[in-house]
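Got some structures for you, see below.
You will see subunit A twice below: alongside subunit B first, and alongside subunit C after that.
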Partner chain A sequence: MSRVGWIRLAVLAIAIGLLELCCRLGLIDQRVVIPPSEMAVALVRLLISGEANEQIVRTFGIVLLAALISVVAGFALGAVIHALPRVRQSLDPFFATYYAVPIFIFYPVMIVIFGLSAIPIVLMGVATAIVAMIIATLNGLDRVPQVLAKVARVHRMGAIATALRLKLPAAAPHLFTGVKLAVSYAFIGVIASEFILAPAGLGRVISDAYTDFNNRQMYALMLLLIIVATIVNMFLHVVDQRWAERRGIAKP
Partner chain B sequence: MIATRRAADTAIILIIMLLAWQALHQLVGATALPGPVPTLAYLARFVPSERFAENAWATLVCFFYALLLSYGIGLAIGVWMGIHRLSGAVGEPILISLYTLPKVTLYPVVLLIFGLSLSGRVTFGAMHGVLPVALLTMSAIRNIPPVYLKSARTLHLSGWQTILTMLFPAALPEIVGGLRIGFTLTLLGVLLAEMFAAKQGLGSLIINAMQLMQAEEMLTVAVVLFAFAALANALLLWIEHRLHRRV
Partner chain C sequence: MTTAAADADIHAALSGVTRVYPETIATPPVHALGPLDLELKRGEFFAVVGPSGCGKSTLLEVLAGLQQPTAGTVMFEGRTVSGKVPDGIGVVFQEDASFPWMTVWDNAAFGLRRNGVATAEIRRRVDDALAFMGLTEFARAYPAQLSGGMRQRVCISRTLVLQPRLILLDEPFGALDAQTRLLMGDEVLRLWRRTGATVLLITHALDEAAMLSDRIGAMSARPGRFLDIVVTGWSRERDSKIVSEPQFGEITGRLWEDLRGESLKSLGHPGMAAG
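Presenting the complex of A and B:
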């Protein structure tokens, strides 16, 4: 590991150590924050007991589903919009504004329409993630070299064949940025919805644990979410960097 | 010419959204989703009312403090990490992973520390806004052409002079971009905090309306927030474009 990497590790270790120390010394009330070591122990116990497994599977399943729908539908929509320049032009202000609007204000509307089930949560996950994928698809397709379109015409390929066999591979590195964003946005959308109101799921269990003053369970599950989200995001980030290196726009 | 076409495009989108709303209303029925006309009629009655003013003011105050914190802390971290290369290299991946974390997860901790208070909601809002402001400020400062720094050194500018007369103006367009995203996310954080646990504010108004099955009120608040966020974003985007063209 590089020197910078070691320093980063040391900074994180010191931060966690300080938190542990402050909790142990009573500088931070244990009713507010429990020491990180106890969070880890509580998480391991919870995972071994299998009490929360159902909720864990449910939440991560919904995140996965929402991310999948966003990536597939986002790519399809992006490809269609890219083929229609006039539509794209008029959609530009919409895309520029989309993430400026806190779309969670529409979550209660979804609940009223679809009832308190998994559907509004999936929809919120898709709603937060899909536009990032559409924008990434548009950017990616913009960068497909003109000559490839000519190649397609020379080979008399149909629109679908051109999209799948030429444009998709050519735009792939850019599309992956969209996939990365879609996954992390789907995560945020699903967890936030579960927090606000949901029949089940990790967000719901954490907010229940908070209301019951069940700090151990709350911190254990929080730790789990943070670990999973960090690992997934870091993995996607590393893959994204690899792709970026390949297309020659990597950061030094 | 371009301006009129842009305005036309925006109008087209608004009309399509209203039509889609109407269609959805026809599909799911009036109790679940009132159509645009009754909602806008309700809006005209509700917005001037005392209850709306109180809650909107509560949200606005909370948002203002959160924004102040986001911008202050975010700019400070961003400038520091942009100038000091080592801290930038060490801190950037940490900030990025914090940025992608679903921060709602941490709201109960904020609540345990601050209780159900204004400071809790402000903290939570600021937690959302600080990171994009810091990250984009940092990259803005790093992207400054090195020749500017050299000329600052030839002119024997002091540290503060360099920051105020050279770094800041050169990085301003990108910094404004960061401030725009910070604005958006801070608003999101404040509203999420109000939706999860609060007695006042527009977020709690939406949740209350949902529980009382008052779909019109719920949609009205959503429409108001939508308009506020979209207009603020358009304004900041306009400033950003002006600054980019200035040079």
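Presenting the complex of A and C:
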């Protein structure tokens, strides 16, 4: 691991250690926050008991589905909008202000239309994530050097070959930024929707545990979400860094 | 020389070529080039110099088939060039056109793979081109790991492996420092001698044009037309050492005489041209 990586790990360990200490010394009431070590023990017990497995699979399945739809549809829509400058001009203000609007206000409408099922949650995940992918696609395609189009013509490449063999790889770093954002936003959209109103899922279980003052279960599942989201993001970050290093655009 | 022999000696030609960029929402129509005539002899090294914005790159793109002329005809090896880049023409651009997601070797092999050339032949030609351009030890490197000059050599290698008969160089060393440009010039001369290809070089550097070329076309400010064609008289075996010869100074002096007024015009100071 790099020096920066060790420092990062040390900062995290110190933060967890401080929280543990504050809880143990009574500076933080354990009825409000349990020590991180107890959160970990509660999580292990919960996983061994299999009590929440169905909810875990359901929630992460929905997150995966929402992220996949957002990435694929976001890329396709981004590519189409990029090819239609007038459409893009008209949509640009909406993209610029999209995340200023609290998207969750539409969640009740989706429940009315689709019922209390997984569909509104998937749609909320997609609604939260897709615009990040569209914007990343537009940004990526904007940054494809114009000279590549000339190179394609010199090699007598058609439109599809140019798009797949040159434009797509050239735009890939920006597209991958979109993928990272889409995955993160899908997590937020799905968990938050489940938290507000859902028949099942981790968000719902956390919400129930909160209502029932079941701190151990609540913090165990929160810890699980943090661990999974961190692992997924770290994995995407490592892949991104490897590509960036190869292209000489890695951030220190 | 008979007419047929003279025709066979003409590798590419532009006759009465004009290029006008049509009006857009933001800009009026721009008359960029011509009318202009040019005949490139088979195997010669021809450079085009001129003030910024005089249409040098437009001339190259029209000759390559990347742009359609508004009027006039473009011929390459006896055939009209229209809308497509003909087989046998290779272009090296000013901008870094290497593919950052491919290794140097894969960059060089790109065109051959596109053309479905046999693997063994690809290996032979790419290894040969990389050795010629001094890139063998960087074959597995990515463009980001190379200097600007080396990346430009990668692009030249990618063109070279396709064995073009007409090589068009659009200010390929524009982004490099003066010393590197001189050395790259030597490499281009070696390449030209070895391939026997006809070379058209677009450049804003008078010394580069004077050192590399058999003939130099000096262009006017926009719309670009040839004001003067300077024959350098260098031997085919020349290299960058000729910059110290008196004739080199005479050539660059004549080019500057041709271009000084035009350059001032392009800067918006026509009145100073007489001074």
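Rule of thumb we're sticking to: the second predicted complex is superposed on the first by the 216 of 252 C-alpha atoms of A that agree within 3 Å, B and C clash if a C-alpha of one lies under 4 Å from a C-alpha of the other, contacts with A are read in each partner's own complex, and residues count from 1 in each chain.
In the analysis below, a residue touches a chain if its C-beta (ideal position, glycine included) is under 8 Å from a C-beta of that chain, and two chains touch if they have at least 3 such contacts.
The structure displayed is predicted, hence computed values, not measured ones.
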### Query
Is A:I14 touching the first partner subunit B, the second partner subunit C, both, or neither of them?
neither
### Task
Using the touch definition from the top, say if A:V32 reaches subunit B (first), subunit C (second), both or neither.
first
### Task
Give the label of whichever partner, subunit B or subunit C, reaches more residues of subunit A.
B
### Query
Okay, in this complex, where on subunit A does subunit B touch?
4, 7-8, 11-12, 31-33, 89-94, 96-97, 99-102, 104-109, 111-113, 184, 187-188, 191-192, 195-197, 203, 206-207, 209-210, 215, 218, 222, 225-226, 229-230, 233-234, 237
#### Entry: subunit A-touching residues of subunit C, taken from the complex the two chains share
61, 64, 66, 84-85, 87, 89-91, 93, 95-97, 99-101, 110-111, 114, 142-145
### Task
Going by the contact rule at the top, pick out the subunit B residues touching subunit A in the complex.
6, 8-10, 12-13, 24, 28, 32-33, 86, 89-91, 93-94, 96-97, 100-102, 104-109, 111-113, 180, 183-184, 187-188, 191-192, 195-196, 203, 206-207, 209-210, 213, 215, 218-219, 221-222, 225-226, 229-230, 232-234, 237
### Task
Note which residues of subunit A are touching subunit C in the complex, please.
145-148, 150-151, 153-157, 161, 166, 169-170, 172, 246-249
